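In what follows, subunit A forms one complex with subunit B and a second complex with subunit C.
After this line comes the complex of A and B, so read on.
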């Protein structure tokens, strides 16, 4: 699966059903989705929930590390969660966070500074992926978000390159128009095409669409199978399958597709 | 056939007296004025011990509560009971018995002579001068009148009640040869309250997830094929199943044979888009269905007997796929849609057990937990539909196949769907919300659940 679902940490119904939508990861949100007066009750709700429910790939998006974030990390360190999603990440923030926890970290790239220092942010220990925060980034560069995210072009492509270089997940920004499935599909197809390893979402109804687009197609699986099989019996570095030239990068890609297909089967 | 303009005149002609059985249909649902008006007029005559045989009783029927409390109405036969009447009956205020029948069991019992109706009061939207009636001409349209047909054919006396008399009807659903009197009133109901549930597709993510998985399980068990027949209710997850089924039928270029039961505008759209050849309509759930019934020759009327009477060859026996709800389902797949967890009556079978028995694939769709209450229980409080007739349970946490359907289990052996045992699902719910506290039943029986064949399959206890 290649989707991360943000779930407001103060909504019991949504928290309870967060895991049923087949997202790769669930991010319980204590930050933007929770108003100031609900921050404490959201923490209480999540703690009560995490005490009884055991699921993989649970993250908590904490608040600003200079504000409530530090205490939140310390409070949840004893719970069986995968890690934290860190807002307003930069190198200073990450060096602080590193002191508070050993859990996996997903910094959000949502400021011009973070875009420019993406590699340094991603190089901190325990960073397993980076998530593009499109809304805040658009605000910070004083533009309005468009359906095709042309204004985020540089940041999106850079995120893909940096994450691929570091061997961590590149997680694209949520598509916030929750009633526009058609444009969501286009946007997710673009994420996949440019190499984003996952897409985040703020609405459960978007998850099956994201998963379906990221899932290797039958044609891709068939071709990849042929490539891998042919590679076993071909000693020469270059050969052809279905009239297409196959060399080492194509074989690696084929193996990755089969690995992904297997992961989807398991889910 | 005699035309009459007042209840006084009508009751003089009918010779009304104590101990009669009077019947009504529920096609006006919450917009019904006829049942209330008629019963209140009967009450004015100080008549006692009436048996009310109404195919459905709703919130709108609150005015008859005092008649139950003082014994004007002492017994009730119905297929569906909720609202204030359900409350007082649950609390033991009905003097004699409550029999909860099914949509197919009711016409069976009437036609077999088990339930003898003295006077059938039938609301129709219009009559002609020969006493024929239907539900779509006139000013207060109710749609198909399927639940009234056995009453009309078998009652000792039949009264049509309408607010519209025309020279000629666009079609005849109730044949004037059965009609003794026509009572013309100023109004019979509010047609905008006949709508059942919601007619817009839910955006609730859990409901949509259940609906998507339901269509996947239909596909993987081999029932998504040309000629499929399908029935679902209105609103919530049911309508969402229709939405995803439609999408899948279009994608796979599949054309169904028929959809049936209570008809919604959504099914009308599927008929008009060529996804089904025909609709069989026992009641219209919305005004789009009423409009289609009037104009589309492939949108057919059917009586409740043709729909679900087990002694005929009903439509439910030809159904491939049936989507059902559940208030509770137990580990033996028995379903309760009659009482809530506090013991109060909140519904009844309607066509639940008829369609479950008749269809090839009876699928219950429900959230695993509702309002912090697990839906899967060790034993249902009231058995509405026997577990042997339920094939699949779809929840947001996984899908359980009735072990009696080994064929389905085989087909789903390599499925990517989350197939679990019903006990596993029960355990997930317990982990989430703890084990529910079960109501301790009282010793006072206030009603009986009558299966479609006439056998009593459960009792209902006083709250």
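After this line comes the complex of A and C, so read on.
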């Protein structure tokens, strides 16, 4: 699966059903989705929930590390969660977070500083992925979000390159127009096309759409199978399948597609 | 201890109100009282025992799971002691 679902931490109805959606990861949100007066009750709700439930790939988006975030990390360290999503990440924030936990970290790239220092942020030990925070980034560069996210072009492409270089997940920003499935599809297709390894979402209805787009198509699987089979009997470095040139990078890509297809089959 | 509350009357949630009292009083208004009234009462009694607090608790339940009721009570108790 290639989707991450944000779930408001103070909404019991959504918290209790978070595990039924086919998301690769669930991010329980203590930050933007929770009002200031309910920060305490969201934390209590998540703790009580996590004492009774266990499922894989659970993350908590904590608050600003200089505000409530530090205590939240320390309080959830004893729970069976994968890790934390870190807002307003920069190298100073990450060096602090690193002192508070050994769990997996997903910093959010949502400031111009973070875009420019993405590689340094991603190089911290427990970082397993980086997530683009499109709304905040747009605000920070004083632009309005558009449906095709043209204003985020540089940040999105840079995130893909940096994460691929570091071998970690590149997670694209949520598509916030929840009533516009058509534009969501276009946007997710673009995420996949440029190499984002996953897309985040703020609504469970978006998860099947994201998963379906990221799932290798029958055509891709058939071609990849032909390539891998042909590679087994072909000694020369370069050969042809269905009139297309095949060399080592194409073989590697074909193997990756089959690996992804198998992962989807299991789910 | 002061009067304090936590939670909402949204579906799957519970509004829990705590107030000072010398003896334990639990009032439950639930859409599933006939089936789960005793279980809700038990969650309240157990949580108060864990926190060694005696007070009055009013629960307006909209189908919340046990852990939600427990969480809302814990928040209300903390708010009652802090505010």
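Throughout what follows, the second predicted complex is superposed on the first by the 267 of 267 C-alpha atoms of A that agree within 3 Å, B and C clash if a C-alpha of one lies under 4 Å from a C-alpha of the other, contacts with A are read in each partner's own complex, and residues count from 1 in each chain.
What we mean here is this: a residue touches a chain if its C-beta (ideal position, glycine included) is under 8 Å from a C-beta of that chain, and two chains touch if they have at least 3 such contacts.
Note that this is a predicted model, so its numbers are computed, not measured.
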Practice item. With the two complexes superposed on chain A, say which partner A:16 touches: subunit B (first), subunit C (second), both, or neither. Key: both
Exercise for review: Please indicate which partner A:41 is in contact with in the superposed arrangement: first for subunit B, second for subunit C, both, or neither.
Suggested key: second
Check your understanding: Touching A:52, do we find subunit B (first), subunit C (second), both, or neither?
Key -> both
Exercise for review: Could you look at A:203 and tell me whether it touches subunit B, subunit C, both or neither (first, second, both, neither)?
Suggested key: first
Point to revise | Overlapping contact positions on subunit A, where the subunit C interface meets the subunit B interface | key: 16, 52
Revision key, fill the gap. In their shared complex, subunit B is touched by residues of subunit A numbered 16-17, 20-21, 52-53, 203-205, 208, 264-265, 267
Review point. For subunit C, which residues are in contact with subunit A within the complex?
Key: 6-7, 10-13, 64-68, 70-72, 74-75, 78-79
Review point. Once bound in the complex, which stretches of subunit A touch subunit C?
Key: 11-13, 16, 40-41, 44-45, 47-49, 51-52
Check your understanding: What part of subunit B is in contact with subunit A in the complex they form?
Key -> 203, 205-206, 208-209, 212, 369, 396-397, 416, 431-432
